[in-house]
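Some structures to go through are shown next.
One chain, chain A, links the two complexes that follow: it is found with chain B in the first and with chain C in the second.
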Partner chain A sequence: MPSLPDAEMPDALALAERAAAEQVHDPHVADVDLKPAFFDWLCRIGDNALILGHRVSEWCGHAPVLEEDIALANVALDLIGQTQMWLSLAAEVEDKGRTADDLAYLRDAMKFRNIKLVELPNGDMGVTVMRQFLFDAYHFELLTALARSESPRVAEIAAKALKEVAYHLERSSDLVIRLGDGTAESHARMQAALDALWPYAGEVFVADAVDEAVARAGIAPALPDLLPKWERTVAEVLDEATLTRPDRRFDVHVGGKQGRHTEHLGYILAEMQFLQRAYPGAEW
Partner chain B sequence: MTVTLPSTGQVWDWLSEVPDPEIPVVSVTDLGIVRDVRWDGDTLAVAVTPTYSGCPATAVIDLAIETHLRAKGVEKVRLERRLSPPWTTDWVTAEAREKLKSYGIAPPIDGTAPDGRGGLAARLSGRANLVIECPRCGSGNTAKVSQFGSTPCKASYQCRDCLEPFDYFKCH
Partner chain C sequence: MYAQMVKSEGKTDRAEMSPEERAFQDRIDANEKIEPKDWMPDGYRKTLIRQIGQHAHSEIVGQLPEGNWITRAPTLERKQILLAKVQDEAGHGLYLYCAAETLGVSRDELFEKLHSGAMKYSSIFNYPTLTWADMGAVGWLVDGAAIMNQVPLQRTSYGPYARAMVRICKEESFHQRQGYAVMMRMAFGTPEQKEMAQDALNRFWYPSLMMFGPSDKDSVHSAQSMAWRIKMNTNDELRQKFVDETVPQAEYLGLTVPDETLKWNEERGHYDFAEPDWEEFFEVLKGNGPCNDERLAARRKAWDDGEWFREGLSAYADKAAARRAASDLAAE
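Coming up: the complex of A and B.
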């Protein structure tokens, strides 16, 4: 097992005191000039978790072995729980009376801000595992940085989510290695999955005006700063998995963060949003 | 009419009677998820922290706490969600660890979460030093079946001696 990144957890008590003191008055939440970018950026983080969580949940009851079925459902559950926290904060920042549920169930595809990687179909287990690993390696670095955000509201959500994502990364790294360095069949499938997903993997590191605005405000890290850490984790795991990093650009399929999606997202939303669209306001 | 509000110490005692819905052998205070109890005027504010972000038991726990406190005569209860500091298994009390064990769940081994230094050490050493004892026969000859078990907070293990599968309350 390669040395996966080790999170240096921030001082939890100091974080708590800060959050308690600033909970009501996180200056970023009420910053009118920052609002459009902050809201958009929170939707990106929340939508990545929501759409990947939904995709992964599609395996429930269908995975090849029981333990993987349970693990996939657990990961999906964590991601959807994190979505609740991110989209709740997004709704609060937007301040138009919407809730996390409104954002999840009543936005159309063009309003979703997730990267294209997470909306791709599950494919075989090779694709599912590789997609999870490429995302987890990024997610872990992002949350590690966000746990030190100057926005205490962002920092506390990130610190919570980081504990869960550390387990996700541990599992997906382990599986990439076991399947990559496994049988000829599993190796071929993992390499094929890597080759197919690689052009989608880099979207998350392509910064635009929204990313730059939240970085300037001290809310989020500059995306280029996360890249070397992601590359190191990916290189170590692929090496141990005897897989070959594709010799091509990894930022070919972009635009999801700006609301330009693949056809696949619409099908996810059709299923995920059906109930609230057909029976508005339904509760149980 | 003067109403005497129960002391927060009394409220903590009542809360120690509220079982966790997933693992009823331990209470919500045993798990360390009740973070604060205070009176805000005549309203009792109880701050609860979620174990995992997506833990489906969170809503049930809130409801159980509210129901129990109302049964004790507290009229106005407000449940608050507190995210930081994030819940850790370090807060599971020593007494609760014994209860978990006798219930068949191996208690968490502190400092072995993958996001901490102990986790790094465990990885570098190939995890060989992390011995999870079988809660049934006490053997250390056990194997991890899956890091993700029947609930978000548990991993699946199996004892190689008595062959029983069991849950390990994983460090978080």
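Coming up: the complex of A and C.
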């Protein structure tokens, strides 16, 4: 072959197989009774990362300053990397021969399990930053708890993701504060973003049978336990940002976790899945 | 290249030079690095600002054609690789704007010149990316052509520029490899994929050759820039090197370079190849390429829409500084 070496390691598959074989034994992964809930729950975490990562990646090349282009790409990269880990585990739990890519690229909207907040359009940077903050504040608490999960596989992924998400939260909190307490215009935009996103922010805390099943199995925390910490982070940051917490329910728009989405998700998937749908079975 | 047709001003004739200019040229000839605080001829500074600025703008505008496919990348892995690549290009822009700043021109000033059309970026980014195979072709050919030029620029005379190039070159070879990897998947894939790969090569071949700038005989500014070691090779040298390296890579892929005259010349030890359509090149530079208007509009929109964001951040920084000063005062 000419002077250009192949970017793909020829023995990548062998390496991956060996790594999988060495993986710690996790009884939860093969637990038949738990399987439907565990699978669904892994899709929820993986899909949140996938869809938010996708939205954030839309900014690439269009951010207001070069440093933001780089930072947004970084966040998107982290989230897509996390997607790969969560959806790979979901596929393994499901045990039907599907891969993370199959789950990402070949499910239709009703099978997606992300919350509605992350599929909302980017809007201006105010909306993008506020959406990120509201999600990061939850994501950080979730992963902190999951890093102590009784499922070693879940704990392992969570510990990796937590390092990244701690940074995401630091960054989005900082931007909310600086823009909230910046100019009159940046303040107004941040308040408008908060008002618009608030009714979507609480969906993650509304527990259903799936959440309860994984909590009972010791895999995940009970969602209501995460809420006080989220509330505290949000209150502190909004206060410093001189923004006002909307006087309205934060769990108005729910259902994404069960596959009932906004109209926006279909368009995201139409774009994201285009090549896999147009050329079934091709390798990329 | 990323910097094409950079206008260079100065004197190459030693007899015309002032003593300072002669001493400066001696340092360059002795392969010394020129640093920001050193004396330099006005023409050297101006030419460098133009060249580094054009290069920086190319990195930034260059995010757009590939950014166009990030949301449609066909696998999670490809999406990550492409994101990382485009992020690198933004980073390259940043290094280069910083290098230009050492010559006394701010990033904002350079942006303004890009947005007003007073400064250019590489012609290549005015071509559209139409299929996924273009993500292969861009990495393979466009980054490949960029590498040809940037590797020698690591030894350029201006210190900050040379150091920026060292960092950039480390990342560029990953860019080219990921592009070639995409191309391999496509060329060895289904008939539809192979068709896309061939079409991408057909569309990007000549625009890639144009990246090196006009033929040496029409390249009026080369001599001065080469004397200053801010241009290390002639356009034709680099173009030939690129063709010689790329043709076997295309053959390996089983793709046909869209040039019927392409032939190995045993005597020269190089490929003979057809020149690109220089009229098209000059039209693209004038703003008449397929995507000039869109690319510039996208950059202007990003800048204009981001104004409140930038102002918000700087207003906060001012307030924070004032608060710190007030609390220092109170502490005294």
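The definition used in the following text is that the second predicted complex is superposed on the first by the 259 of 284 C-alpha atoms of A that agree within 3 Å, B and C clash if a C-alpha of one lies under 4 Å from a C-alpha of the other, contacts with A are read in each partner's own complex, and residues count from 1 in each chain.
Going forward, a contact is a pair of C-beta atoms (placed from the backbone, for glycine too) under 8 Å apart; a residue touches a chain by one contact, two chains touch by 3 or more.
Treat the numbers as computed from the prediction; the structure is a model and nothing was measured.
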Contacts of A:Leu77 with chain B and chain C, given as first, second, both or neither: both
Touching partner for A:Tyr279 - first (chain B), second (chain C), both, neither: second
Per-residue contact with chain A, leading partner among chain C and chain B: C
Partner chain in contact with A:Thr183 - chain B first, chain C second, else both or neither: second
Touching partner for A:Gly266 - first (chain B), second (chain C), both, neither: neither
Which of chain B and chain C A:Pro246 touches, first, second, both or neither: neither
Which superposed partner A:Tyr105 touches (first chain B, second chain C, both, neither): second
First, second, both or neither for A:Glu67, with chain B first and chain C second: both
Which of chain B and chain C A:Glu156 touches, first, second, both or neither: first
Shared chain A surface residues [contacts with chain B and with chain C]: 1, 3-4, 6-7, 67-68, 70, 74, 77, 80-81, 84
Chain A contact footprint on chain B (complex, rising order): 50, 52-56, 83-88, 113-117, 119-120, 123-124, 126, 145-150, 152, 156, 170, 172
Chain A to chain B touching residues, read off their complex: 1, 3-4, 6-7, 9, 12-13, 15-16, 19, 67-68, 70-71, 74-75, 77-82, 84-85, 155-157, 159-164, 166-167, 169-171
Of all residues in chain A, those that touch chain C in their complex: 1-8, 50, 54, 57-58, 60-70, 73-74, 76-77, 80-81, 83-84, 87, 100-101, 104-105, 124-126, 177-179, 181-183, 185-187, 189, 271-272, 274-276, 279, 281-284
Complex interface listing, chain C residues touching chain A: 60, 63-64, 67, 70-80, 83-84, 86-87, 90-91, 93-94, 97, 107, 132, 140, 174, 176-178, 180-182, 184-185, 189-190, 192-193, 245, 248-249, 251-252, 298, 301-303, 305-317, 319
